[in-house]
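What follows is a pair of complexes built around subunit A, which joins subunit B in one and subunit C in the other.
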Partner chain A sequence: MIRRLGLVWLTALIALMYLPILSVILASLSTSRYMRFPHRQWSTGAYVDAVSQDQTWILHATSFKIAALVAVLSLILATFGAMAFARYDWRGRSWFQKAVVLPIFFPQPVLGLALLLFLTAIGVTPSWRSAVFAHMVWILPIVTLVISIRLFGYDPAQEDAARDLGATRWQTFREVTLPHLAPGMVSGGLFAFLLSWSNLPLSIFTTGADTTLPEYMFTRVATNYAPVISAIAVIATLGSVALGLVLLLALRLRRRS
Partner chain B sequence: MPDTGADAPPALSLSGLSRSFGDTRALDDVSLDIREGEFFTVVGPSGSGKTTLLRILAGLDRPTAGTLHLRGRDIAGLPPNKRPTAMVFQSLALFDHRSVGENVAFALKMRGVGAEARRTKALELLDLVRLPRDYHDRPVTQCSGGERQRVALARALASDPEILFFDEPLSALDYRLRKTLEVELRDLQKRTGRTFVYITHSLEEAMVMSDRIGIMRDGRLVQVGDPATIYGRPRDRFVARFMGEVNVFEIAGGRLPAFDAPAPAQDGWLIVRPEALAPDAGDVQFDATVTDIYRLGSRVQMHLDTAAGTLIAELPASTRLAEGDAARFGFAVADTHRVAE
Partner chain C sequence: MRPGPLFALPVAVFLAVGFAMPILIVAWYSLMAPRTFDLTTVFTLANYRAAFTEGYGQPFFWSLGLAALTTLTCLLIAWPTAKVLHAHAGRVATIATALVALPIFVSESVRLFGLSLFLMPGGGIFAGSMRALFGVSIGTILNTKFAVYLGMVYIHLPFMLFPVLLGVALIPPDRVEAARDLGAGRWQVLREIELPLALPGLVIGSLLTFVLCIGANAEAAILGGRAITVVTTAIEQRFNYAQDWPMGAALTMLMIAVTAAVVFPALARVDLNRLIRR
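Then we have the complex of A and B:
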């Protein structure tokens, strides 16, 4: 009985989590600009519109550019940041540990506004490039923490052992440190990409004339909704799902070899 | 020990080695020659600087002063990867994302040895450390404590080092396994004829395996000698106490105030090993009450309440004395050892 209740609870939970996504898919299959259900007329016309208009792809390109750059740059900086955070003992480390995680506690709209004011003050015109910077202020700490977790419970004597057995500093990093960090780096990079891909509050303040997917959806839903918006949303979601699947597949292939 | 001739330079020659961390001197003016093919053990309590010493010998740390020669060649400036030495770490430091074979053959890979040759050599080394050959492809994380020890040993041997360093590698193992590996290690050292430098805080371990022992205290090497000398003729009270339980009596004005008996020297301290004490024996005798008895197998250790305080005696297990018994105990001055400090 308890078992069955648990199953019901689990099913309900999953259904509630995925229902909003389902409703977006349903909304994209309508012809009406008013959200009403059931539809009077089912149609895939919104998808035809979405795929054929350049704007869909410009939005994707902008969001992808930002997310990819944020992921790559965060990964590099966070890897070294994590080493400083968890691996080496140095004067000022505890100060660094606190400073690194601080941006996470800032409400994102406040952070976005602060960054906009800062960019204006130093004379930078906001564009997708400044959004990369803004996203990183918030995402880099998260990636640093994700990679740091790999370093707790890591025996640094392994690096001494590698050196002792004839490895140069670079070989030690490549053969010992990097393979140990790799799982953390994969999840950290994935996190960075997805957090940037779906970010709205920071983008609103810092992209200037450029528009990301979440920004576009937000403004269009607020002011000028049409089913094509939902269609674009579904396409964008499929994009991130595809990315996740490709990574999973790559990991599985690697493990097998 | 291989005969290397009187003129052969020592395997390792340390002269005035010091290492400071801020104001603390972890290593203080250590000079020592380690002979070719010798099993040399450095013993000391934790914090005595023995790990610092070993790290400097391996090149993982730099001395702040002093010189270091390997077979006459100055190696003080060489990084660890350029030194013909290998170390077995306290934590073993196995590469936990690799297989047993990959761990063992790591040094060969770094030298650019091909995969086939690496495998052949790794299998030979597994034989040498008595691990089954089919362990080659097993993840190290699936090995037991004793097996991991053997993997670490094989990995260090793979680089064909002139000297092997050991940083208390057996300290985490249970008693029986430790005993087995101590004997095997000693045996391996004899078979390979290599120089082993071993550090430990366990006197017992040092006594079983070593040709010579060096005792460290507060960053200094206080005494170097073979196990019998260190045990029988300790340099001072610290070494004597470190080498096992002892009774120490002050000597003043040529007498032992504790027993009001004549002493073999004017001043200093008299070291009396527990096995030197016996009932109704020796030239210095005193009244004692047995307070505690600990059975050690073939021998028993007992605590004696005497006018000179609590003393420790060790007798054959056949003794009839029981807790609470009063007896007259004594020792022969000839069986004691006098130290100045």
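Then we have the complex of A and C:
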């Protein structure tokens, strides 16, 4: 009985969580200028509009550039960071751990504002490039944590063995440590991409004249709605959801192995 | 150089430049004369005085109040959910966890946009369906404080759920059984066994949710109409419309101070190594 009740609760909760996403999909299936549900005429015209507009692709390109760079750069830095976070025992490690976690527990819009002020003070004009930097301040710590989790289950004796057999420090890192880290790096990279792709609060303040997809949605929702916005939102979300499924699958496989 | 500090260097340098420096710059700006744009060595506390006397209490009150209320609500929803997920090990739990996690990767602007489409009066998804199916016209909660609260809970629930799930996993089942055998009631088990053992997860989840909520502004902008001005919006107005950077910076510093006052004591009590190692 209690078990059944639990499942009902879970199903209801999940249904509620997807209701807004379903609403966007429903709203996109019309070409009427005003939102009037149920639509008098259902159509996929908004998608045709969305695909044929240059703006759709410019928005996607901007978001993609930022997310891809954030993923690659965070991955490189975070791999080193994770070694210091979880692999080595050194004086100052607990300070380092706390410092790495701190940006995660920091309100993002405030971080965005602070970064905007900082960029202006040092004479950098905000653009998609500065957004890469801004996203990394928040995402790099998260990727470092994700890779660190992998390292906690790691036996450093393997490295000593490699060194004893004559491997150089770099060789040891490349051929022993790195392969062990690889699954963590895959999930870390995917995490970074997805979090950057969907980020709103940091982008709002740091992209300058460039616009990312979440920013576009945010500004257009309030001011002038059209079904094409819903269509663009659905297109932008499809890719990230697919990638998110890959990530969850990767995490699941890792746990099993 | 020893390997530990050597490996720490890239991340440490990046965070020093990207995190510490901006905060220092904001702190510096907050001490400049009102409505100036240059960083000088002539310091004043005028902005902080103004922050306390010129009616900024309202935005702070709303942001903190909403954050506290949202955190509590998320905690109350996340606890039973985590227990159910934990009890159903296997396929059901895997699929359900994936379904709960997935919305994190859908931009919050898309989800809030969807929520506003759902709640819209007249031709909104909910109101429209009600009229078409049952012939009833209903009002809307859109553009009210309640809608903002609803949006906050909706957006932040996953951030609470996953740490709580980690926390629930810290409870050894035999401990609960032993307590039951010794005659503990349901309430007693919850208060004396489960909650204390799951505490690290609950603390991290609450902390994350609370901090994210303090800064949240998209919910108020998309769902609240003009019903509410949150701190971040008030600060942004200082920077953009009023062109008063030092004032905006002072408000930002106050917000950072409030956040730090919550984060540091809580974070000091949780052993990160232990929670992550699982």
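Assume the second predicted complex is superposed on the first by the 234 of 257 C-alpha atoms of A that agree within 3 Å, B and C clash if a C-alpha of one lies under 4 Å from a C-alpha of the other, contacts with A are read in each partner's own complex, and residues count from 1 in each chain.
By our rule, a residue touches a chain if its C-beta (ideal position, glycine included) is under 8 Å from a C-beta of that chain, and two chains touch if they have at least 3 such contacts.
From a predicted model like this one, the values you see are computed outputs, not experimental measurements.
Asker: After the alignment on subunit A, I want to confirm one thing: do subunit B and subunit C clash, or do they fit together?
Answerer: Once both complexes are aligned on subunit A, subunit B and subunit C fit side by side.
Asker: When the shared chain A is used to line up the two structures, what angle, as a multiple of 10 degrees, is there at the CA centre of subunit A toward subunit B and subunit C?
Answerer: 90
Asker: Examine A:M136 and indicate which partner it touches, taking first as subunit B and second as subunit C; both and neither are also allowed.
Answerer: A:M136: touches subunit C, not subunit B.
Asker: Taking the superposition as given, does A:P214 touch the first partner, subunit B, the second, subunit C, both, or neither?
Answerer: Once the two structures are laid over each other on A, A:P214 reaches subunit C alone.
Asker: Thinking of the overlay built on chain A, is A:P179 touched by subunit B (first), by subunit C (second), by both, or by neither?
Answerer: In the superposition, A:P179 touches subunit B alone.
Asker: Touch check for A:A162: first (subunit B), second (subunit C), both, or neither?
Answerer: A:A162: touches subunit B, not subunit C.
Asker: In this superposition, which partner touches a larger number of subunit A residues, subunit B or subunit C?
Answerer: If we count touched residues of subunit A for both partners, the winner is C.
Asker: Is A:Q97 touching anything from subunit B or subunit C once the two structures are fitted on A? First, second, both or neither.
Answerer: second
Asker: Please state the minimum Cα-Cα separation between subunit B and subunit C in the superposed model, rounded to the nearest whole Å.
Answerer: Superposed on chain A, the two chains' closest C-alpha atoms are separated by 13 Å.
Asker: For subunit A, give the residues common to its interface with subunit B and its interface with subunit C.
Answerer: The overlap between the subunit B and subunit C interfaces on subunit A is empty, containing no residue.
Asker: Per the contact definition, I'd like the list of subunit A residues that touch subunit B in the complex.
Answerer: 155, 157-158, 160-168, 171, 175-176, 179-180
Asker: Can you list the residues on subunit A that touch subunit C in the complex?
Answerer: Going through subunit A, the ones touching subunit C are 3, 6-7, 9-10, 13-14, 17-24, 26-27, 34-38, 77-78, 80-81, 83-85, 87-93, 96-111, 113-118, 121, 133-134, 136-137, 140-141, 144-145, 148-149, 152-153, 194-195, 197-201, 213-215, 217-218, 221-222, 229-230, 233, 236-237, 240-241, 243-245, 247-248, 252.
Asker: Over in the complex, which subunit C residues touch subunit A? Could you list them?
Answerer: Touch residues, subunit C against subunit A: 2-12, 14-15, 18-19, 21-23, 25-26, 29, 39, 77, 80-81, 83-85, 87-88, 92, 94, 96, 98-118, 120, 122-125, 127-129, 132, 154, 157, 207-208, 211-212, 214-218, 221-222, 232, 235-236, 239, 245, 248-249, 252, 255-256, 259, 263, 267, 272-273, 276-277.
Asker: What residues on subunit B touch subunit A, complex-wise?
Answerer: 58-60, 79-81, 83, 85-87, 89-91, 93-97, 106-107, 109-111, 155-156, 158-159
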